[in-house]
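Structures are listed in the sections that come next.
Two complexes follow with subunit A in common, the first pairing it with subunit B and the second with subunit C.
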Partner chain A sequence: MTMHPILAALRKHKAGVVLIALQIALTLAIVCNAVFIIGQRIERVNRPTGLDESNLFLVSQQWVGAPSGDDAASVEKLDSLQLTDLAALRALPGVASVAPINSLPLLNSSWNGAVDHKPGDTNEGSFHGTRTTYYFSDDQALSTLGLRLVAGRNFTAADVGHQGFRDNSEPSVVILTRALADKLFPKGDALGKVIYVNGSTKPTTIIGMVERMQVPGTGTWTNSFVWNATLVPTRMDANFSRYAIRAKPGQLDAVMRAVTPALYKANPMRVLDDDSVRSFAQIRDKAYQADRGMAILMGVVALILLCVTAAGIVGLTSFWVGQRHRQIGVRRALGARKIDILHYFQIENLLIAGTGVVIGVLLALSLNMWLMSHYEMTRIPVLYVLTGVLAMLAIGQAAVFVPARRASNVPPVVATRAV
Partner chain B sequence: MLKMTHLSKVYRTEVVETYALRDFNIDVKEGEFVAVTGPSGSGKTTFLTIAGLLETFTGGEYHLDGIEVSNLNDNARSKIRNEKIGFIFQAFNLIPDLNVFDNIEVPLRYRGMKAAERKQRIMESLERVGLASRAKHYPAELSGGQQQRVAIARALAGSPRLLLADEPTGNLDTQMARGVLELLEEIHRDGATIVMVTHDPELAARAQRNVHIIDGQVVELSEDPRFHSVHAVADGAHG
Partner chain C sequence: MFTYYLDLALRSLKRNKALTALMVLALALGIGASMTTLTVLHVLSGDPLPGKSHQLFYPQLDPQDMDGYKPQDEPPEQVSWIDGMALLQARRAHFQALMTGGAVPIQPAQSSIDPFFEDARYTTADFFPMFDVPFLYGQGWNATDDEASAHVAVLTRELNEKLFGGKDSTGQTLRMNDVAFRIVGVLDSWRPTPHFYDLNTGSYSADEGVFVPLATATDLKFARNGSTDCWDKGSSENMKTATCTWLQFWVQLDTPAEATAYREFLLNYSREQKALGHFQRPPNVRLRDVMGWLDYNKVVPSDVHLQVWLAFGFLLVCLVNTVGLMLAKFLRRSGELGVRRALGASRRSLFAQLLVEAGAVGLVGGAGGLLLALLGLWLVRGQPSDYAALAHLDLPMLLATFVAAVMASLLAGLLPAWRACLTPPALQLKSN
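Up next is the complex of A and B:
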């Protein structure tokens, strides 16, 4: 069976052919882009933060009656409260490591700024450089968070200082993520180099590099600096505090239960509620809730579209089989085998679906370009479009199979029956 | 060419068995022009559908061109229909979506014939029925007589061993019917074996032999001596 007679017959049924081809084209365009967006969301949701996330949890608390000013006495008082908490937490059985920290990856609460090769101009009032997120912590940050040091050294106790919540940070040393270090020093020689933090005129030396650490923000606005993190060896003193805690393997739940009583025992003048103690798994879960929801919604929409298109193909083919019932009988009488009739409808569908996917590819690329120009979308890889094309053709063949098989079972004797 | 022995066809439902053919015997020799007649419901169309392998039969034997067909599977029956039998239907049964050329090409494509040979056969058969100039026309653009001529051309293009015609002039007016009948007679004179089912006695009278069916059985056979000489000439021409 060749194409010519099928094409000749299709020319006589233009309306149905055009409608189904357009439906296939639209489905392909929407499904390709939807699957691409879903793929991007899944990639985002599953990307590693750079932390060893197992056995890690975060405690956030607020003191009651603690000073809220930025004067030296208040800062010292707040720092002593924080040191008391750290000592209490580090003494808990099952705790491997504890570090004070202002935020964590995926927490959606960040301290952002910029680092530069040049000192800032104090007259300018603003600063330039490479965008980054600051993590304020101490010498136990790397071990607590499970960050992998790939160059240089860790902070020592002597590097660690403390400052008020609203004080400008002017650290002597910092540890950068490799991504940030490479952006600042593309030759890969960042270690030991001097940078300036947030337009400061005081030089800061890069003493180490960690392999990877994600910024706290999960929105697409962080895409340009998602791996640009700067670790500052400073305890941030405010009337609230956060502690990252690594439990020993298998003791996460027990330690999470133990921290609240331990902190109240150390100082009852504080507020700790149900959300104050969260495992990193819970933080990750909450951070990507919207992404998961969007992925599921788009997946459902894509699935419904595919089902509707498949149903359309089944419907049209069934209609045509009914309409051509006698014609099929005549073909059988003239020597067509069952398989010839089956192939006829399969090839016919392949021609319609083929036309549809050609238009669909153009539509998919156009839709992608529109999304790129209006939203923060990247170019759809060819693989997605090719997979979409093959999937649409396969769905077309699957959808046409049942009515085509019904057609192949039309007996040749139908040709002799009265019209 | 076509031999049925004690053949029967029974349609069964849960409550009743209906014999469409019962102890049916017929032997059509090569080169014969046989008319099968009978009243409505006598079984003549059932005979034709079984003869054309469009339907299976319940009992007895059927040899077509020396082949016992009762045990053939669907593919083998399709192959025989395609290669050995040419059908001419009362309703013409042209495919409306295809033009005349493409309609005649249908059985040749199923035979897997090469394009050049298909084209040659199609044009030869169209010339034979006098419609070579209408190759690109669609069935709806032709008269009933012309459509039946296209159907005859389609049957002839495959050079079948047997032509089966089911009321070939039933849907035509007298003039067109005469033209189609003359064409069939011409085809027969050229040596073709034709079995024609008809309820029209006048049409049957033009055949070489009449087979009358009543209640699914052959009850009368008559032979027209006029055709012996024609048959002999045809045999001689081929011999």
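Up next is the complex of A and C:
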């Protein structure tokens, strides 16, 4: 079959052809970028925190009428309240381990600073550390959170200290995530080395490395240090506290129910409300709800767009088939087979859709560039665009099939009839 | 003539139901999606205090040390206790208030309600008159209460509902963190959106339920919510002397001249502090009004902007689709149009007739779009995000929906109608 008759026929319907091609181009541009955004969000939501998230939950509570923690005596008093709670929680049946902690990954409540391998000094602007988040906990942190130690040793009970909430004294030992250790010591020999916390002059020794641990913040401002966590063996003493609790397998719900009464029994002078006991699954759910909503919205819009475009192709091709009823009859009478008529419309659609996707690829790339300059976006991978192109061509062929088959069923006798 | 055209339009639309339905549906989807996302954007980028916001300013100073200093840096987003108190006591503005957020355990007198946490605002007295806060019962406290660290509190209407069944509770006692407070006022419904005066506790979060004088809260060491930025030795034991910024400071300046004078005052204050050795950096001040402050903080989530663009792209595709379908539809009727032309109808009237048909599609599409927008907003409200509850269609947006739909469909009808009118009548009649 030669192309010439098809092109000649298309020239007669310039407006319609241009509109369909334009629609295909716009759809391709929007759908490619929407699917790319969905992909990015899914990747973000699925990144592992480094924790063993099943059977883990968090308790946040505040004491009522507790001392302020502004002087040494009241810090001791707060610490004994915390130790009482820890003992009560560790004694509960079904509890595997408990650790006091200031925050958890995805909790969006963080304590951030910077560490460096040079001491800070009082001269102006000399401290350029690596950003990190701090997790203050005790020797039970690794087992409770399910962190994987890849080098060095865990904290021992002897390492664990305690200090007031506003006390800034530096720890003598820390465990870092491997990402942070490698950033500070690119040769990979961080273990046993000394670092300085928040520009202090007091040395802190790296005694261990964990494979991975995410920071609490999920906003884009944390993107530069999302895997840089520092574990400090210090119980924070304030008039509130948080406890990470690992339940024995299968007992999470029972333990979560038992925690509130147990804490009230240990000390009734406190407040725990509906949000105080949250499983890690709930924390994760809340942290990524906006990303999930965005991905769903993008998905729905992309799907409807494809349907609208497919319906548009069906509508316009049906109209053309109706208009060329008699010509089809003539071609059939002159010897064209049904399959020839079918192919005619399929090739015609392929030509239009082909033009559309070429423009669409250009549009998709410029849209991506515009998004990159205005929003948190990266360059769209070629794979997304290629898949989009193939999908658009396939949808075009699927949409054209029904009207094209109707065209191929036009009997040759139509040629002899007046309309 | 119009009714005749309308009649013709309806007949023609009825003739090809599937095509009509497709046009209406595409238009309705595009309009519905655009209006849903626009409404959300409209709500989120609204003025929290219309009529007053341009008189409210947020002064910023730079009290940090030279560590990490870059000349073009913005000053910190909050003030320290020392600077906040100094600016407050200077009383250079019509109203000024120093504040921070927190959470307090509330111990209701009735045993039927368990103790619970309530978000609180610790502020000085001018907060209420400066932000035009409406009172249902009683009133705010005054500067004397601030100085005396009086144990007084103001509740919101919602908290009063929960604790006192909505009755006038002024004069009653409320226990918070084991301390008795006297209730001096109950607010009427008040929820400025965004939560402009403290963006640290969530730009669109529900507002705090209880207000306590700042001095009282700091004396009683109430727990604080928000952000603390420290430099140098950072937080010592006492937040009042700490080299940290952790308070929000707002002023009301009624005229532009007062604002200029206040900016000069801030510069002078910075110079004076530098001379005294308290500040190390060169004077670096900002004085943004409410909208400027919201803008600077980019409170509207970028996802919301992205959704609006997506919806408009969607509408564009739907419109191109409608143009294509209308073109097909109108050209198919060349015969009928030819007859009308031959019988004396002018091109103009044919054009009008076709546009009426396009407009009818737009009107039905607009109604569908409105229903879809209501559905979309209902879905948005079902989302757990903190601005979800605010997503409501107001009258201007409702009218805009219809106008947009009809305009869009007329626009979509222009090209097809023009093409259809161009066909010479004789040719059409002959070919038939």
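The criterion applied here is as follows: the second predicted complex is superposed on the first by the 409 of 419 C-alpha atoms of A that agree within 3 Å, B and C clash if a C-alpha of one lies under 4 Å from a C-alpha of the other, contacts with A are read in each partner's own complex, and residues count from 1 in each chain.
Keep this in mind: contacts are C-beta pairs under 8 Å (C-beta built on N, C-alpha and C of every residue); 3 or more make two chains touch, one makes a residue touch a chain.
Treat the numbers as computed from the prediction; the structure is a model and nothing was measured.
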### Task
Superpose on subunit A as described above, then tell me if subunit B and subunit C fit or clash.
fit
### Query
What is the contact status of A:M294 with respect to subunit B (first) and subunit C (second): first, second, both, or neither?
second
### Message
According to the stated criteria, A:A391 is in contact with first (subunit B), second (subunit C), both, or neither; which is it?
### Response
neither
### Query
So which one touches more of the residues on subunit A, subunit B or subunit C?
C
## Note on the structure
In the superposed arrangement the C-alpha centres of subunit B and subunit C open, at the centre of subunit A, an angle in degrees to the nearest 10 of 90
### Task
Pick one for A:L316: touches subunit B only (first), subunit C only (second), both, or neither.
second
### Task
Return first, second, both or neither, reflecting whether A:A336 touches subunit B, subunit C, both chains, or no partner chain.
first
### Touched partner set for A:F240, first subunit B, second subunit C, both or neither
second
### Task
Have a look at where A:K286 lands relative to subunit B and subunit C in the superposition and call it first, second, both or neither.
second
#### Entry: Contacts of A:T416 with subunit B and subunit C, given as first, second, both or neither
first
### Query
Now for A:V358: first (subunit B), second (subunit C), both, or neither, which partner does it touch?
neither
### Task
Examine A:V45 and indicate which partner it touches, taking first as subunit B and second as subunit C; both and neither are also allowed.
neither
### Message
Using only CA atoms and the superposition described at the top, report the least gap between subunit B and subunit C in Å.
### Response
10
### Query
What residues on subunit A does subunit C touch that subunit B touches too?
419
## Note on the structure
Given the complex, residues on subunit A that touch subunit C span 15-16, 19-20, 22-23, 26-27, 29-30, 34, 37, 62, 64-65, 68-71, 124-127, 164, 166-168, 198-199, 239-240, 269, 271, 273, 286, 289-290, 293-294, 297-298, 301, 304-305, 308-309, 311-312, 315-316, 319-320, 322-323, 371, 374-376, 419
### Task
Name, in rising order, each residue of subunit C that touches subunit A in their complex.
19, 22, 26, 29, 33, 65-69, 103, 105, 107, 114-117, 177-178, 221, 223, 233-239, 242, 301-303, 305-307, 310-311, 313-314, 316-318, 320-321, 323-325, 327-329, 331-332, 383-385, 415-416, 419, 432
### Query
In their complex, what parts of subunit B are in touch with subunit A?
45, 48-49, 52-55, 74-75, 78-79, 81-83, 87, 89, 91, 93, 95-99, 102, 105-107, 109-111, 154, 166
## Note on the structure
subunit B partner, complex, touching residues on subunit A are 1-2, 4-5, 8-9, 11-13, 326-327, 330-338, 340, 411-413, 415-416, 418-419
